[in-house]
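Chain naming follows the written order as A, B, C and D, and within any one chain the residues start at number 1.
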Amino acid sequence: MPEKTSIGGAGLIGILILAVVLIAVPHLVSFSQQELLVLLTINVLVVVSYRLQTLTGEWSLAHVVMMGAGAYGSALFAKSFGFPVPLAMIAGAITAGLIATLLSFPLFRMKGFYFLIGSFAAGEILRLIWKRFTDPFGGPKGIQRIPGFPEIDLGFIHIDFYDPANYYYLVLVVVLVSLWVLYRVEKSRIGLTFHAIHWQDKLSESVGVDAFRYRMLAFVIASFFAGLAGALYAHYLSTVNPNQFDVNTMVYVLIWTIVGGTSRWYGPILGVVALTIVDEVILRSIGVDQVRPLLYGLILILAILFLPNGLESLVIKARDALRGRGGANVPNGEAVARK
Amino acid sequence: MLLEVRNLHVHYNKVAALKGVSLQVPSGGIVTIIGANGAGKSTTLRSISGLTKPSKGEIHFDGQRIDNLPAEKIVARGIAHVPEGRRIFPDLTVEENLRIGAFLRTDKAKIESDIEDIFQRFPRLKERRTQWARTLSGGEQQMVAIGRALMSGPKLLLLDEPSMGLSPVMVQEMARIVSDIAERGVPVVLVEQNAGLALKLASYAYVLEIGTVAVEGKASDLQTNDHVRRAYLGA
Amino acid sequence: MKSASSISLTRRSLLTGAASAALLPLVGMPKASFAQENVVKVGFLAPLTGPVAAWGKPGLDGCKIWADWVNEAGGIEIGGKPYKVELASYDDEDDAGKARTGATQLIRENDVKFIMMLGGNSWPGVEEIAARQGMMVSTLLPSDLTPDTTTLIAPCEVHPIYNVTGVDWLAANHPDLKTAVVCAQDDALGKPSVATYLAAFEAAGITMASPPLFFDPATTDFAPVMTQLLANNPDILCLDTCYADYVQPLCEQAFQQGYKGKIISCTLDFYQRIVERTSKEFMEGVIFQFPDFDDKALNDPRINFKKPNEFFAEYVKRYGATEWSAVSWEYSSILDLWADAAQRAGSVEPADVLVAMKEGGKGKHAFGDARWWGKELFGIDNALVGDWPVVVIRDGKATIAEFRSIPDWWDKNGQLLVKHMTDLGQMWNQRT
Amino acid sequence: MPDFLLQTVFNASYAASYMALIAVGLVLIFGVMGVINFAHGELYMAGAYAIVFFYVWSGLPFFVAVALGLVFVGCLGILMELTLFRPLRTNPLGGLIASIGFLLILQTLAVLGFGLRNQNVPPVSQGRITVGGAFLTYERLYVIIATVGLLTALYFFLRKSKFGWALRACAQDREAAALQGISINQTARYAMFIGAALAGVAGAMTAPLVAPSPYMGHSVIVTAFIIIIVGGIGSLEGAVVAAVLYAFVHTFVTTFYDGVIANIVGLLLMLAVLVVKPQGLFGVRERA
């Protein structure tokens, strides 16, 4: 399971190309696609942090609500307490992490399907609280006119973060740093323990690993970064409301993650990028608004039937083919279907 | 030969569990497979009953190849498998557990007499026939599992670790039950970690070590084999 | 900044063209129109799929009829030249993020001159783009208005203020009714509506038999709601602005639980079904606010909606009677208002049209002349109010009983409305 | 006040009935297939639209339409089994995603075939029984009777027939069931047919009461999940008991407080059950 960590020459060129693409992409797409790009980049952080949470083998349905906790937290810190936006964002992410810490105590008494639904219930209660208590959460309409990220004006250079291209670069930096942190966590001893807990639940406990503590840690770290994504989202759209974080949105995160694949860190990224392009760009451009959900559903089914191990299995196969290995090193269904 | 396994290979997740196992079971008596934890004993039985698909090799039963059949078709051919850990249905009653063993049979009268026969063999089960199976003790559950397998009217019985987790008294009881089954004409393949017991019961034995047959021979010969004595009989 | 952005705009659009050709062969770019005649585009940014689509899709369908009719008649004449009207739609799925993307596409890629929205959840995502681009946007939910939203107008349905006309009419015609109860789903539509009804009841001297009941929008069984509502035997049962899926079961429950009093509601979509499922006698005299468009009273010369009876007939012919609802005509009536203002302005530019539209503080609302109003409630006079019909079920058929003036009521009872809006936290300056 | 209470009891009994049908179907599918069927609410919706088609449009008698709806939705279940769940049997999360895809397709088909607005189903009966000041309409009574009848039939099928045992055996231990000669494919087909058909009947029977709309499935699926968790995921009896418990709690809280509080109470009830008895009221501890 552990991947090669040293980077070869080909890898270096790949990274260089990727960097150029990431920097150039806002200038290659249309105005509305720039907006999509910002939301997509935020969603990348959502799915990658989600994958970290699932490493321990437990699938949460509260992840999007944690994103919402970061969004609401950051919005309130900035709007009601006058925090500078960058600080509010971090405070929002920490809020999400703290809420996750509290929720861990009831939630990690459960496992498997029970945890799945238990996390849904916990998230839903939080969401209903936002909906129910108009002060300070704004009720069903949520919070509006959240301050945006402050402009940078150095005289010779002026950066207005309302412009999606500029906000994209900001998000890109935050997301890349977050991805790096998440990657390091996964490759560290802690991350290996996450994997171990998933694969050998009983064994890890018998060799003295406190599974509860590690599950909680994974949940809290994932929630922190989901919260950060939520904060980036809130200050971009300048509005949050409870509907944005409902089970429908969670279902999309689940879809992106699973269709992308979860055995590699980049699987969920493939999922969210591919499906967003399919839904928001290709299906919209066909001009069949009413049929769009049907086509999307069909694509989901075909994707999962023909690529049960996610889009990442294509990459793995391609890489193995390039390396001249005969058999594709595709993990079997269990890797995706970790219960 | 009733059952012939030829050069069987099984992989889990690219990890080889069996690396060319061959064995033969005659149409009478008890054949045992012994070996350490993880040697591939259960995997061998699972391959025979169709729960695990071999990556290479052939299995012939009663003159026909069966390694490409699904589990439920292999039962129909006459192989009953009592899996490791008993795997009774906890939320079915004792009687339902037994009757479901006869799922494929349509001879109603014979089923009824077989049920009575099982209850005669295991009087404790008769007392508990309407209880949920999960409320039984370990030994009783093992009886249900064996009874359930016998209800299919098998031509061959695969028994995986029947003595596991049982009290010494119960282990002796189990030994009696197993020899009784063989004596009544149903050949048995017995997988056991309790090698001493298994070699006493069986007429022929295979010793599996990390996926291959390390030693085979008459059970009485193996009881005196140095390697077997040192590794499995604690001598 | 300005000049730089215009340069980068051309470079960017060049690159965009190249990239879309190279990278995304499947993706159609917005079609450029090289036709001879002048074309003006209007954006439609509302939910077209998902649970809220019923508030958007029928409106787009109505607008298609409107555009077909206008274009068949040669388009609208602006500055002496005929313009064809094209609709550009984007499904915002009732989500602020998608609405922001959609608004960008409509404004910067499709070059629309006016955008019609449902509003509510989606509007905050569009607010700043509209402000920066100077785009005029209309909403059906005036609660989106604030002093800062100078280019946002609520020119048709100033929900829920018109509800006062129904209560006013009820009090005038049935002075014997003394107590009322009200229920609504707990959301952005229900709350201000409840405040309005409370104010209207108070103004009419009707007392509340029990406090307003808010139920969850996910409610599927309305029997308990009705049981609770009827516990104090009210004279008037007010169904507020409940969604169509709720009004029907609520009426049925009232019928089944033996309610004998008066019913008043904001909407009563598919009232024929409700009549069918209860009885003509039970539904006789139910008051609401949305007339059938085959109502002859709409042919009154002061009505500004063009050919209402024909419009209704055409809509039913194209899409079926069951798809008709209030939003079917509302967006079209906004297009009427917009076209009229554009013609008077002699321009299709949003700023010019907006000035023409608000000229003299008066406007031509679907149901007659009206005034731009709203400062006390929304902080800005961008809501168009005038007369609104009071509709009564008579012999199983919705009939307009009277057009009543909202401004008249407001001039007498405005402070009551402000009080109740404040109590429920619905004033613009209370919204977070 | 006694009438008021009795009325609330009637209301709750009706709610408990159709929720039990939906939840039992969901449990059965989860038990045998090991898949969380997210499209279960849409199967309920399909049942309601079957009434629109067979009863309203085609003019067949109501109960004939319900029977056709049962068969139709049951067949949808078999279709799901054959095309989605069978190829994804070793991949429960894949099954979940596939069911979400199926859900989107069913919703869109409903919109395309019947329109966005909710549909009208003419009353089947205007009659009612009255007890004191409380009453129960025949339409609601039919739902309660159908539920009791179907669940009783299901009980006897599961307890007394060979296929019933096979179904339960499969739900408890799929591998051991295969060792008894039980065909997993065949059992899965039975389970999907029955599970889907129960949801379909719930939709069909309640169609005259709720006015079917394409998105009606959404509001029941969440409740159904709560119910099967409270009852214990593998347990059919648990689902029935939990449906009754949940419906009474929810209805009483809605009647005496309000619906949002009722939802929060429902969720808290479920969390409390999970914390105190993580396997649900009737559940068996999940096997590793």
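In this text, a residue touches a chain if its C-beta (ideal position, glycine included) is under 8 Å from a C-beta of that chain, and two chains touch if they have at least 3 such contacts.
Note that the structure is a prediction, hence the values are computed from the model and not measured.
Novice: Where centres are the averaged C-alpha coordinates, which chain has the largest centre distance to chain B?
Specialist: Measuring from the centre of chain B, the most distant chain centre belongs to C.
Novice: Looking at B-D and A-D, which one has the bigger number of contacting C-beta pairs?
Specialist: Between B-D and A-D, the larger count of C-beta pairs in contact belongs to A-D.
Novice: From the C-alpha centre of chain B to that of chain C, how far is it in Å?
Specialist: 74
Novice: When the C-alpha atoms of chain B and chain D are each averaged to a single point, how far apart are the two points in Å?
Specialist: 41
Novice: So, what's the distance in Å between the C-alpha centres of chain B and chain A?
Specialist: Chain centres of chain A and chain B, defined by C-alpha means, are spaced 49 Å apart.
Novice: Report the inter-centroid distance (CA atoms only) between chain A and chain D in whole Å.
Specialist: 32
Novice: Residue numbers in chain D touching 2 or more other chains?
Specialist: 108, 111, 222, 260, 263
Novice: Where in chain C do residues touch two or more other chains at once?
Specialist: Residues 49-50, 57, 186 of chain C each touch two or more of the other chains.
Novice: Give me the residue numbers in chain B that touch at least two other chains, ranges are fine.
Specialist: Chain B, residues with two or more chain partners: not present.
Novice: Spell out the residues on chain C that touch chain D in their complex, using ranges where they run on.
Specialist: Answer in residue numbers: 49-51, 53-54, 57-58, 186, 213-216, 218-221, 223-225, 227-228, 231, 244-245, 248-249, 252, 256-258, 269-270, 273, 276-277, 319-320, 322-323, 325.
Novice: Under the touch definition given earlier, write down the residues of chain D that touch chain B in their complex.
Specialist: Touch residues, chain D against chain B: 162, 165-166, 168-169, 172-173, 175-184, 234, 284.
Novice: Show me the residue ranges of chain D that touch chain C in the complex, using the header's touch definition.
Specialist: Contact set of chain D toward chain C: 4, 7-8, 10-12, 14-15, 108, 111, 115-120, 122-123, 128, 135, 137, 140, 209-211, 213, 215-216, 218-220, 222, 251, 254-256, 258-260, 262-263.
Novice: List the residues on chain A that touch chain D in their complex, please.
Specialist: These residues of chain A touch chain D: 59, 106, 109-114, 116-118, 120-122, 124-125, 128-129, 131-132, 201-202, 247, 251, 254-255, 258-259, 290-291, 293-294, 296-301, 304-305, 308, 332-334, 336-339.
Novice: Quick one: which bits of chain A touch chain C in the complex? Just the residue numbers, please.
Specialist: The touching residues are 27-32, 34-36, 39, 79, 131-132, 134-145, 148, 158, 162, 164, 233, 237-239, 241, 243-244, 280-282, 284-287, 289-290, 292-293.
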